[in-house]
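Labels A, B, C, D and E are assigned to the chains in the order they are written; within every chain, residues are numbered from 1.
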Amino acid sequence: MDLAFILEKLVLIAVIIVISLLVALYTTFGERKVAGYIQDRYGPNRAGPGGIFQPFADGIKLFMKEDVIPSSSNRFLFILGPGIAMTMAMLTSAVIPWGNEITIAGRTISLQIADINIGILYVFGVVSMGVYGIMIGGWASNNKFSLLAALRGASQMISYELAMGLSIIALLMLTGSLSLKTIVDQQSTGWWNFFYQPLGFLIFLICAFAECNRTPFDLPEAESELNQGYHQEYSSMKLGFYLFAEYVNMFISSALMSTLYFGGYDIPFVNDASMGQSIGTNWLAVLQAVSLFAKVGFFLFFFMWVRWTIPRFRYDQLMKLGWKGLIPLALFNMVITGLIVLIKENGWPF
Amino acid sequence: MPINSYIFVAIALFSIGVIGVLTRRNAIIIFMCIELMLNAVNLLLVAFSKMHLADAANPALKVATNGADGQLFVFFIMVVAAAEVTVGLAIIVMMYRNTHSVDVNFLNRLKN
Amino acid sequence: MVPVLLILIPLITGAALFAIRQEAMAKSIALLASLVSLAVMLAGMSVWNDAAHLTYNQSWIGALNSRFHFALDGMSQLLCLLTTLSFPIIFYSTWNNQYPDHNRFLGLMLLSQAGLLGVFMSMDAMLFYFFWELALIPLYFLSSRWGGEKRIQVTIKFFVYTFLGSLFMLIGLIMLYFKAGGSFAWADFVKLNMAPREEMAIFLMLALAFAIKMPLFPFHTWQPDTYEQSPTPVTMILSAIMAKMGIFGLLRWLAPVVPAATYQWGDNFATLAVVGMLYASFIAMRQDDLKKLVAYSSIAHIGLMILAVFAPSYSGLQGVMIQMFNHGINILGMWIVVNVIEQKFGTRKISELGGLAQKAPVLTILLVIVALANIAMPLTNAFIGEFMMFNGVLGSTATNFGVAYAVAGIITIILGAVYTLKMIQKVFYGETNALTANATDISFNVQLSLAIIVVAILLIGLFPNPMLSLTSDLSEQILGRMNLK
Amino acid sequence: MNAIILSAILGVVLMFSGIFVSNKVMLKNIAIAGMVLLLAVNIIEMNGFRVFDVNTRNMLQFNRFGLLFNSIAFAATLLYFLLSARDITRVGINVAEYFALIFFILCGVALVSSFNSLLMLFLGIEIISIPLYILTGSDKRNLKSNEAALKYFLMGTFSTGIMLMGIALIYGAKGSFSLDTIAATINQGRDAWFYAGLLLLLISMAFKVSVAPFHFWTPDVYDGAPTVFTSFMATIVKAAVFIGLVRLFDIIFATSGTDWKLMVAVLTAATLLVGNITAIFQQSVKRMLAYSSIAQAGFMMFALFSINSYSKEGIILYALGYSLATVGIFAVLVKMKDYTFEGFNGLARTQPVLAATTTVFLLSLAGIPLTIGFFAKYFMLASAVKSGSHLWLVFFAILMAVVSVYYYFRVIQSMYFKEGAAETEPVSSGFRWLLIGVAAVIILLGIFPNMVLQYLYF
Amino acid sequence: MNLFLLQNAVAASTAVDYLPIALQIICAAGFVGLTLGISPFLGPNRKTAEKLETFESGIHAVGNARQPVAIKYFLVAVLFVLFDVEVIFFYPYAVNFRELGWNGFWAVLMFVGFFISGFYYILKKGALQWED
C-alpha cells in the first residue's frame, strides 16, 4: 500500500465518477430525445447543435434555483435525504470492472476500483441504502404526498430487492464466486451467463426497473396520484440530486446487468486474450471498455424504450408481481439450476 | 489489524448499546440500542473467528477448532435478530396504535 | 399389622367421612372408627403383643432409602394408647356439639389421628416427618374453619410457627441422613457418632422443632391463642396429644440420636423449661378465661416434663414417659369440663360463672378428681409421674442444678394447685348467678367420658408398674447413649 | 431429536390448520392430539428409539436427563391444553397461531434441555422467547397486555444481547461453542475473557428465569399477559430455562472451581427474599402468583448452587411438581371473575371442587408434605446440605418457605374461612374431574414419590 | 468440522482491498456534501411564509403529515426483513454449491420448502392482499 497505489485509485475513482455523472447527464438528454422520437416530435434542440448542451443548461438552472426548505420539515433530514440518495448511487461503481488491466509506466493498473471477494453483496448493501434516501426525504418533508410516496417507494424497493437477491443466487451457483471480476472472467469464452440464466436475467431486469423507480414501476412519483412524489418539496440542487441519482442508478444497473449476464467488458465474438496479444493490453482494455459501454448504452436505451411504451402499473399489481410472481419464480429458477448442474456434474442422485 | 482493536470497538459499541437501553425512554431507540448490542457481538464473533482461524494455522498453539463456527453463529444471530425485529416492531406498532406514544414509562402505568 | 391398621382405620374413615352428609351417621361412624382403633391398640398390647404384629417394615421411597417402618415399642404403645383412648372420649363427650359441615369436622379429626399415630410409631425419619405434618394440617383446617372470632390470624400464626419448626427439623434430619450414609432409619441414627459441632447443629435444629411443638418458653406464644380460638375438641387434641409429640420427639429423635449435645445443652433447656413453668403458672393465676387458664397450666406441666428430659436420670425419664400419658388423660378431662361449660353457658369467663356444684353435682365430683390429678395429688396418676420426675431431676448426674430445678418445679406445682382450686372454687362453689341459675347436670355421654378418665386416673395412680415396665428399655437406651448409666 | 423436529412440524401444521379450519373446537382438538403425539414420541425416544436421526455434529446431546424433562414438560403442556385450551381459544381470533406458537416454544424447550453447544442454547432460548413475546401481547386491545409485551420484549432482547456478548467472549477464550471443549480446556489461557463471558451468560440467564435482582420485569409481564399464557410462561417455560441453566452449570461451572458458589448463593437468597416478601403485599392473586414464581425460582436456584446428583434429580422433580400445581392454579384462576383475594372469598361454598383442588395445589407450592411439592423442596434443600458449603442459605430458604406459607394460605383462608360468594365462569364437569385428577396425582406422588424418582438416576 | 462459508470459496481479501472503497466513499460524500453546501448560496433567497409552507395541491396544509399510515406498508417491511434474512442463507450455499453436492441440495430443498410454506402461509393469511 504505497502512495502510488492510492494516487492511482484516486484517479480511477475520479474518472469513473465523472464518467458516470456525464453518462447520467446525457441519459436525461437521451431520454428526452428518445421520447421525442417515439412520440414523433423533436425533443430538446435549442441549446447547442441538436440540443447537445441541454443537460448542462438544466444542471446550471437547478444550481441557480432558490433553495427552499419548508418550515415544518425536519431540516437536517431534509438535507440528508438527497445526500444519501446521491452518495449511494455513486458508490456502486466501485466494484464493477470496467475493463482488463492496463499498463502505464510499468505499473499494472486494474480498471476496477476494488476487486473485493464479496462484490455482489457490496452492491446489494449499497443499493439497500438507497431506500433511506427516499424514505428520509419523504418523511422529512412533512408533506402527506411525499410521505405516502416515500412509503410506496420504500416498500416497492424492498420488495423487489428480495426477488433480485433470489434471482442472483442461481447465477452464483454457476459462478461460485461473489467477485464481479471473477464472474466476468468466467464469461470470456463467449458463453455469457445470459444463455444459462435467461429466466434469472429476466427477473433481474424487472427488479432493476423497480429498484430504479423507472416506468412501469415509477409509483413513488406517480404524478397523477401524488403530485410530484417523494421529492415534491425539494427544489434547487436537492431536487437535482434526486433526479440525478435515478439516472446514475440506471447507469449502474445497466452496467451490472452487462457484467453479470452479458460478459461485462468481454468483446463479443472475439477471443480477448489473443486479441490482447496482437494489439497490446492497453488498447484491448480500451476496446473492452467500449464494449461494456456499448452494452450499457443498449440497456439505457432499453430503459427509455420501455418507459415510453408500457403504462404504469397500479400499486397492487406492482406488489402482486413482485411478491407472488417474481419471488416464487426466482426460487423455482434456483432449484432448477441446482438440479441441472448437479445432474450434469454428479449424475443422477438415485 | 490486531485483535485488540476489534475487541475495543465491539465492547465500545456494546457499551453504547447498554447505556442507551438503560437511559433512553423511547421504545424505538431502546430497540435500536439493543440491535447495536447484537451487532457489536457479531463484530466480535467475526473478529474472534478470524483470530482462531489464524491460531489454527499455527500448530504451536494447538487450538481445537478452525474458527469457522464463529461465523456460523453470526448468521444465526442475524436470523434471530430479524425475528426479534419483526416481533418487536409489531409490538411497538400495536402499542402505538393504542396509546399514540412509544414512550416507555410503563413503570407507573402497569403497577396499578 | 397393628401399626398399619392403626393408621389406615382413621385415615380411610376420615377420608370417607367427607362424603357422608348425615350428621348423626357421620358421628356414629367417627366414634365407631375410633373405638375400633382403640380395640386394635388394646389387642396390640395384649393378644398381638409380639414383634411380628407390632412392627411393619416395607420399602417406601427406594430412591432415598426411606422405608415404611413402624414399630410399637413401649413408649409408642403408651402414646398410641393415649391417642386411641382420647379420640373416642373426645367424640363421645362432644357428641352434642353442633358444627356446620360436621362430617368434615370429624373427618379432619380422624385424619389428624392417623397423623398422630404415625408420628408415634415411625421408626424412619422421613416417615416421621410426614406424619408430623399430616397431624398438623388437618388441625390447621379445623381451627381455621370452626374456631373463634380471631381464628384466621391465630391459626396461621400457629401453622407458621410449627411449620418453621418442622422445616428446621427437616434440615436436621437431612443432615442426619447424610451422616448415616443415606439412611433415614432410627436404628441407624442411634448408632451414629458425630463430631461435637455437627451434633450441636443437628441438636439445635431438632430441638427448635420440638420446642415449638411442646411448646417450650419462649416459643410458646402461639399456644394460648390457638387453644383459645380453636373449637374445644381440637383444643383437646392439641393439648392432650399434640403437645406430647414434642416430648416424644425429644425422647425418640433427640436424646438418643445426639446424646452428647443433649447433655451439653441440657442445662440451657432445663433453665428455659423452668422459666417457662414459672411464667406460665403466674400468667395462669391471672386468667379469667377457662381455656386460657387450662392452656397455661398445660405449659407449666409440659415444662416439668421437659425439665426431666434435660436433667435426665432413669427415674426421671420413666416419669416423663408415663406422665405423657397421664397428663394427656388429665388435661382431656379438664377440657371436657370446659367444653361442657362453654356449650351450656356460652361463656368461658370464670367471673361470669358460679355455684355450679349445686346444679351439677356429678360434674363437680368428676371434675374435682380430675383437677386433683392435675395438681398431682397422691393416689392419682400424675403423682406417680411427677414424683418420679422430681426424684429424677434431683438425682440427675447430668446437671449441677438439680435442686434448684426441683424447687422451681415444686413452686409451680403449688401455684398450679392455687389456680386450679381457685377456679373450682369460683366456678363450682359460691353463689349461682343469672347465668347459672337454670343449669342442669351433665348428660350421660359426658358423665361416661369423665368417668372413664377418672377410672384411668385412679387405676394408674394405684398400679403404675405395668406402664413403667413398658418404657424401661428406652430409658435405659437413652441413658446409655448419654453415658449416664 | 424426535421432540425437536416433531414439535416444529406440529407448529407448522397448526399454523396451516388455522387457514383451513375455522372451527375453534376442531383446532383445539388438533392441538391436543398433536400434544399427545409429541409426548408419545418423546417417551419412545426415552426408550431408545429415534424416529428422526439427524447428525447434529454433537451440538445436541440427548441424555436421560433432558428427555425426562421433555416428557414432563410435554405432559404438563398436555395437561395445560386439556385444562385451558378453551380459554386459549377465547384470547383472540388467531386461535391456531396461539397453539402453533406454543408448539414452537416446546421445540425451544426440547433444544434447551439437550443442548451441547452454546449456539443451541442461544437458539433454544430465543425460540422460547420470541413466541412468548407474541403470546404476551396477544390480547391486542388490552393496554396492559401491550405494555407487558413491550416490556418483556425489551427486557428479553436486552438480556439476549448480554447473553450473546457472554457467548462471544467465551468463544474468544476457548475457540469453540461446544460445552465439551470448553469444559476440557477450562483452565487454559485467556481466563479473563472466559470468566467475563461466563458472568455475562449467567446474568442473562438470570434475566430469563427472573432471578433477583434481574426479576423486575416478571410481575408486570405475568400480570399483563393473558392469564392462560401466564400459566404457560410461569411453569413450563421457566422450568425449561432452568433445565438449560442446570446443564450449563453442570458442565461448565462445576468444573471451574467453586468461586462462583457464593455469588449464586447470594442471587438465590436475594431471589427468595424479593419473591416471598413482595408476594405478601399483593392484592391480586395473579400478581401474588407472579411473585411466588420468583420465589420458586429461588428454590430452583438451589439446583445450580449445589451441582450434584441430588440437584439434577431434584430440579426435574421440582419442575414436575411446580408445573402441575401452577398449571392447575392458573386454570382455576382463569375461571375466576375477580383476581383479587376478595374474589376468592367463599369459593369453597360456590365451587367446592375448585376450592379443594386449589388448596392441594397451594399446599404443593408451599411444600407441605403429602404433596409432590414437598419432595421437590426436599431435594433442593438436601442437595444444598449435601454440597456442604453456605449452610446459611438453607436456613434462609426455610425461613422464606415459611413466609411463603403465609401468602399461599391467604388464598385458602379466602376460599374456606371467609364469607363471600366468589363468582366464576361456568365450569364443565370434565374440567372438574381433570382438576381432581391433577390434585390426585400431586398427592399420590407426594406419598409415593418413588413412581417418579425411580426414573431419576442419572 | 468442515464448514463452508463465504471465505473458503475465494481467496481471502485483506483490509487493503477495501481501501479503494473507503476512498470512493470519501470522494462521493465529499462531492455531494460540497454541492449541497454550495447550492443554497447560488440561488436567490426570497423566502415568504407562503413559500415555506408545504405544498398540498394549492390549499393550506391541514394538520401534520406524520400520522399513522396503513398497516400494510409496515407488513411489507416486516416481511422483507424476514425473507431477506432467509435469502442470506442461500448465499453461502450458492457459493459452495458444487462442493456440497446432492446432500447439500436436499438440505437446501428442505429449506426452500420451509421458505415456500412460510410464504404460502402469509399469502393465505392475506398479508399481501393489496386490493381492499
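As a working rule, a residue touches a chain if its C-beta (ideal position, glycine included) is under 8 Å from a C-beta of that chain, and two chains touch if they have at least 3 such contacts.
If you're wondering where the values come from, they're calculated on a predicted model, not measured in any experiment.
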{"item": "Starting at chain A, fewest touch steps before arriving at chain D", "value": "2"}
{"item": "Chains touching both chain A and chain C", "value": "none"}
{"item": "By mean Cα position, the chain sitting nearest the middle", "value": "D"}
{"item": "Furthest chain, CA centroid comparison against chain C", "value": "A"}
{"item": "Reference chain D; chain at largest CA-centroid distance", "value": "A"}
{"item": "Chain-chain pair with the highest tally of contacting C-beta pairs", "value": "A-E"}
{"item": "Chain A-chain E separation of Cα centroids, rounded to whole Å", "value": "15"}
{"item": "Whole-Å gap between the CA centroids of chain D and chain E", "value": "39"}
{"item": "Separation of chain B from chain C, taking each centre as the mean of its C-alpha atoms, in whole Å", "value": "65"}
{"item": "Separation of mean Cα positions, chain E and chain B [Å, integer]", "value": "19"}
{"item": "Residues of chain C touching at least two other chains", "value": "none"}
{"item": "Contacts with two or more other chains, residues of chain B listed in rising order", "value": "65, 69, 72, 83, 90"}
{"item": "Multi-partner residues of chain E (each touching 2 or more other chains)", "value": "1, 7, 77, 84"}
{"item": "Touch relationships between chains, expressed as pairs", "value": "A-E, B-D, B-E, C-D, D-E"}
{"item": "Chain D to chain C touching residues, read off their complex", "value": "313, 363, 368-370, 374, 378, 381-382, 385-386, 394-395, 398-399, 401-402, 405-406, 409, 413, 416-418, 448-450, 453-454, 456-457"}
{"item": "List of chain E residues in touch with chain B within their complex", "value": "1, 3, 5, 7-8, 15, 68, 71, 74, 77-78, 81-82, 84-86, 88-89, 92"}
{"item": "Contact footprint of chain A on chain E as seen in their complex", "value": "6-7, 9-13, 16-21, 23-25, 27-29, 31-33, 35-36, 39-40, 42-47, 49, 51-57, 61, 64-66, 69, 73, 76-77, 80, 83-84, 87, 90-91, 94-98, 101-102, 105, 108-109, 112, 115-116, 119, 123, 128, 130-131"}
{"item": "Complex interface listing, chain C residues touching chain D", "value": "60-64, 129-130, 132-134, 137, 141, 144-145, 151-152, 156, 159-160, 163-164, 167-168, 170-171, 174-175, 177-178"}
{"item": "Residue numbers on chain A that touch chain E, as the complex places them", "value": "1, 6, 9-10, 12-14, 17, 63-73, 79, 82-83, 86-87, 90-91, 93-95, 113-118, 121-122, 139, 141-148, 151-152, 154-155, 158-159, 161-162, 165-166, 169-170, 172-173, 176-179, 182, 227, 232-233, 236-238, 240-241, 315-316, 319-320, 323-324, 327-328, 331, 334-335, 338-339, 341-342, 345-346, 349"}
